[in-house]
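Take a look at the following structure, please.
A, B, C, D, E and F label the chains in the order they appear, each numbered from 1.
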Amino acid sequence: MAEEPLVAPIEYEDANEDVRAVYDDIMQTRSTDWVNNFWKVLAHDPALLKSTWEDIKQVMSPGSLDSFTKELIYIAVSATNGCEYCTYSHTAAARAKGMTDQQLMELLAVVGMANETNRLSNGLRPSVDVQFKPR
Amino acid sequence: MAEEPLVAPIEYEDANEDVRAVYDDIMQTRSTDWVNNFWKVLAHDPALLKSTWEDIKQVMSPGSLDSFTKELIYIAVSATNGCEYCTYSHTAAARAKGMTDQQLMELLAVVGMANETNRLSNGLRPSVDVQFKPR
Amino acid sequence: MAEEPLVAPIEYEDANEDVRAVYDDIMQTRSTDWVNNFWKVLAHDPALLKSTWEDIKQVMSPGSLDSFTKELIYIAVSATNGCEYCTYSHTAAARAKGMTDQQLMELLAVVGMANETNRLSNGLRPSVDVQFKPR
Amino acid sequence: MAEEPLVAPIEYEDANEDVRAVYDDIMQTRSTDWVNNFWKVLAHDPALLKSTWEDIKQVMSPGSLDSFTKELIYIAVSATNGCEYCTYSHTAAARAKGMTDQQLMELLAVVGMANETNRLSNGLRPSVDVQFKPR
Amino acid sequence: MAEEPLVAPIEYEDANEDVRAVYDDIMQTRSTDWVNNFWKVLAHDPALLKSTWEDIKQVMSPGSLDSFTKELIYIAVSATNGCEYCTYSHTAAARAKGMTDQQLMELLAVVGMANETNRLSNGLRPSVDVQFKPR
Amino acid sequence: MAEEPLVAPIEYEDANEDVRAVYDDIMQTRSTDWVNNFWKVLAHDPALLKSTWEDIKQVMSPGSLDSFTKELIYIAVSATNGCEYCTYSHTAAARAKGMTDQQLMELLAVVGMANETNRLSNGLRPSVDVQFKPR
């Protein structure tokens, strides 16, 4: 994306205490020495920065689903919505967790298929089968 | 959904040879004795029915990603797009493959989070970090 | 859709002069003796009712594209967006203009395919080929 | 966006009478001496240019909601849809009307939250509470 | 929506301590004696219930934008995404805060307009004007 | 789009037999001597490349709808979804089939209108008229 961001990224040296605390936690959690631009623009609202980071750290941590599967889901949503930044950042994150090109291709094949059949359903409106009803 | 489908479902006994062949393959592949309404409305175009079924059978079969993970991705896309039929059918399919309520909740937590941060990115337009650029 | 509309439909007998004038024009343009619910809820804002109707009458009238093709495009967008009311109303409108079930199926096959390849493109982000650049 | 527009922008000096009349009204309404690119590409269809401009002028003028609130809503929709041009143009318009960075951040926080809970609802499908039913 | 939710709502009497604490806070914050179904299905994941509620309480509280404006933005996003539950619940919430039918109509007129021009931009891809670039 | 694709395009000289067979068929079907980037990134998964190409070749071939109409529908979906690559490639394809600027403008006018009324319907939720119910 060639355009400027809508608000200027806030670098570590220009950040206040609250923002630095989040940046520090991001770098420590990821064992990196840099913070990506998404957080630097979000830093214009320190409360939003903090709650978004804490939510994402919690939601993406392993639970009944592992972190790798969660990254795949993140890519699936981002590709469906057409979010450029999120597609680059979460594809990179999934690769850092070992995702191969073949896995990316299979993931996107499912995403493509789901987007196709979602619209065939939207256009034809079949009734939900009784067998699919919860319990 | 209380409304009628846009085309009447075609039942097995009213289907032609080509359609029955697909219905048979669906039931055999899934080890069931019924075909869900999505395919019965798609049957108005036997070529579309056949190619869609063969694509989905191929795409959803285990490869470098397992079938369970693929079902989760299908739900993620369907919830993002708001497709009611697909949400019911693929949640049922994932449950048949062992998905627990806790896994469904964690899946949707990631879907919700991704939809949120996709829009924070869309609205603020941070530049893609050089570290995220593909090799 | 089983739920009530968010505002009550305004029937002809309860409508003011401005609203009745639009209702009359809708019925005359379509050679029918009834007005569909979309316009009856929009009637809560007579200016919006009037401008929306006049825009749609203008946009859907034959020009360099015929009205039938325009109805197909309307269905394509409505199925992509998952708008239930619009899918029913514009599928009915296209059928009234002669759309066959086979045409509906082919239309939705294209809609499904486009939704699939849109996401394959979103996820893989190929560069726009120089050959595709306008002039 | 680095790509060329799909049709060349039509500059004032190359525009016909109908187009110039709209350009003049845009500049006069906004008290500016330039017209933005959106209108210059739309000018390939003078009737569409005119009706779109008149609709937007009418819809965005103060009524029971003020113009500032309407600009915020425009940004919310544009960020949800991921429209790059619209995000830049309406963020600029809102800033010209006094929107602060803090207001932009709060706006996007709501947009993000709504996009998240929309998908939690889509995936879990709670019934509409009777208390939420219109009158 | 006539279908069952994908997970059964958890009523107060069946909820554990953590869930009851959130339900209590919802009712106290809103000065009501009931909890809407969205939270009752989210309660299957008490951590997600708690963080979603706390985020929404924080995000929707008055700041540089007032709560009423924030509710309008929530409706705008929900209508754009076509989320039925969210449309009913947030329209009801906005009405409880004084939104009139006329305000709802004007809000949706802006939402409709933005969705229209977002697609005219997507299809024609005008360049972002230099005047719109952030400082 | 200034960013690199997420996987490197596979050129003809670097492609394996299966991929070359698809590239050959694409060039022969279109009577061209080049293959566009979409297929070159898809080539990382030869099975997906082959099935996607065969589906699109089948779906876009003339049937009860002609190929030109099908290209218009493809543009309508791509503009609605905001897919940049698809908008450029299918607009170019439609122009190669004779689409004029006026037809493009009329097409997008319908797309814009449909996106607008889809959201007016989503926000007001009128009931589907009995006259619109299929047979």
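Going forward, contacts are C-beta pairs under 8 Å (C-beta built on N, C-alpha and C of every residue); 3 or more make two chains touch, one makes a residue touch a chain.
As the structure is a computational prediction, the values presented were derived from the model and not from experiment.
Asker: Which chains does chain A share as contact partners with chain C?
Answerer: Where chain A and chain C share a partner, that partner set is B, D, E, F.
Asker: Please compute the angle of the rotation superposing chain C on chain D (C-alpha atoms), rounded to a multiple of 5 degrees.
Answerer: 180
Asker: Quick check: how many Å separate the C-alpha centres of chain C and chain E?
Answerer: 26
Asker: Please tell me the distance, in whole Å, between the geometric centres of chain B and chain D computed from their C-alpha atoms.
Answerer: 33
Asker: Cα centroid separation between chain D and chain E, in whole Å?
Answerer: 21
Asker: By residue number and range, which residues of chain F touch two or more other chains?
Answerer: Where chain F meets two or more other chains at a single residue, that happens at 1-7, 42, 48, 52, 55, 59, 78, 80-84, 87-88, 91, 102, 104, 106-107, 109, 111-113, 115-118, 120, 122-125, 128, 133-134.
Asker: Chain contact graph: line, ring, star, complete or other?
Answerer: complete
Asker: Residue numbers of chain B touching chain A in their complex, please.
Answerer: 1, 3-7, 9, 34, 36-38, 40-42, 52, 55-56, 59-60, 63-65, 69-70, 72-74, 76-78, 80-81, 83-86, 88-92, 100, 102-103, 106-107, 109-111, 113-118, 120-129, 131-134
Asker: Show me the residue ranges of chain C that touch chain D in the complex, using the header's touch definition.
Answerer: So the residues of chain C in touch with chain D come to 3-8, 47-48, 51, 54-55, 58-59, 128, 133-135.
Asker: Which residues of chain C touch chain E in the complex?
Answerer: Its residues touching chain E are 1-3, 6-7, 42, 44-45, 48, 52, 81-83.
Asker: Name, in rising order, each residue of chain E that touches chain C in their complex.
Answerer: Against chain C, the touching part of chain E is residues 1-2, 82, 84, 87-88, 91, 101-102, 104-106, 109, 112.
Asker: Okay, in this complex, where on chain A does chain C touch?
Answerer: Within the complex, chain A touches chain C at residues 75, 78-82, 84, 87, 91, 104, 107-109, 111-113, 115-120, 122-125.
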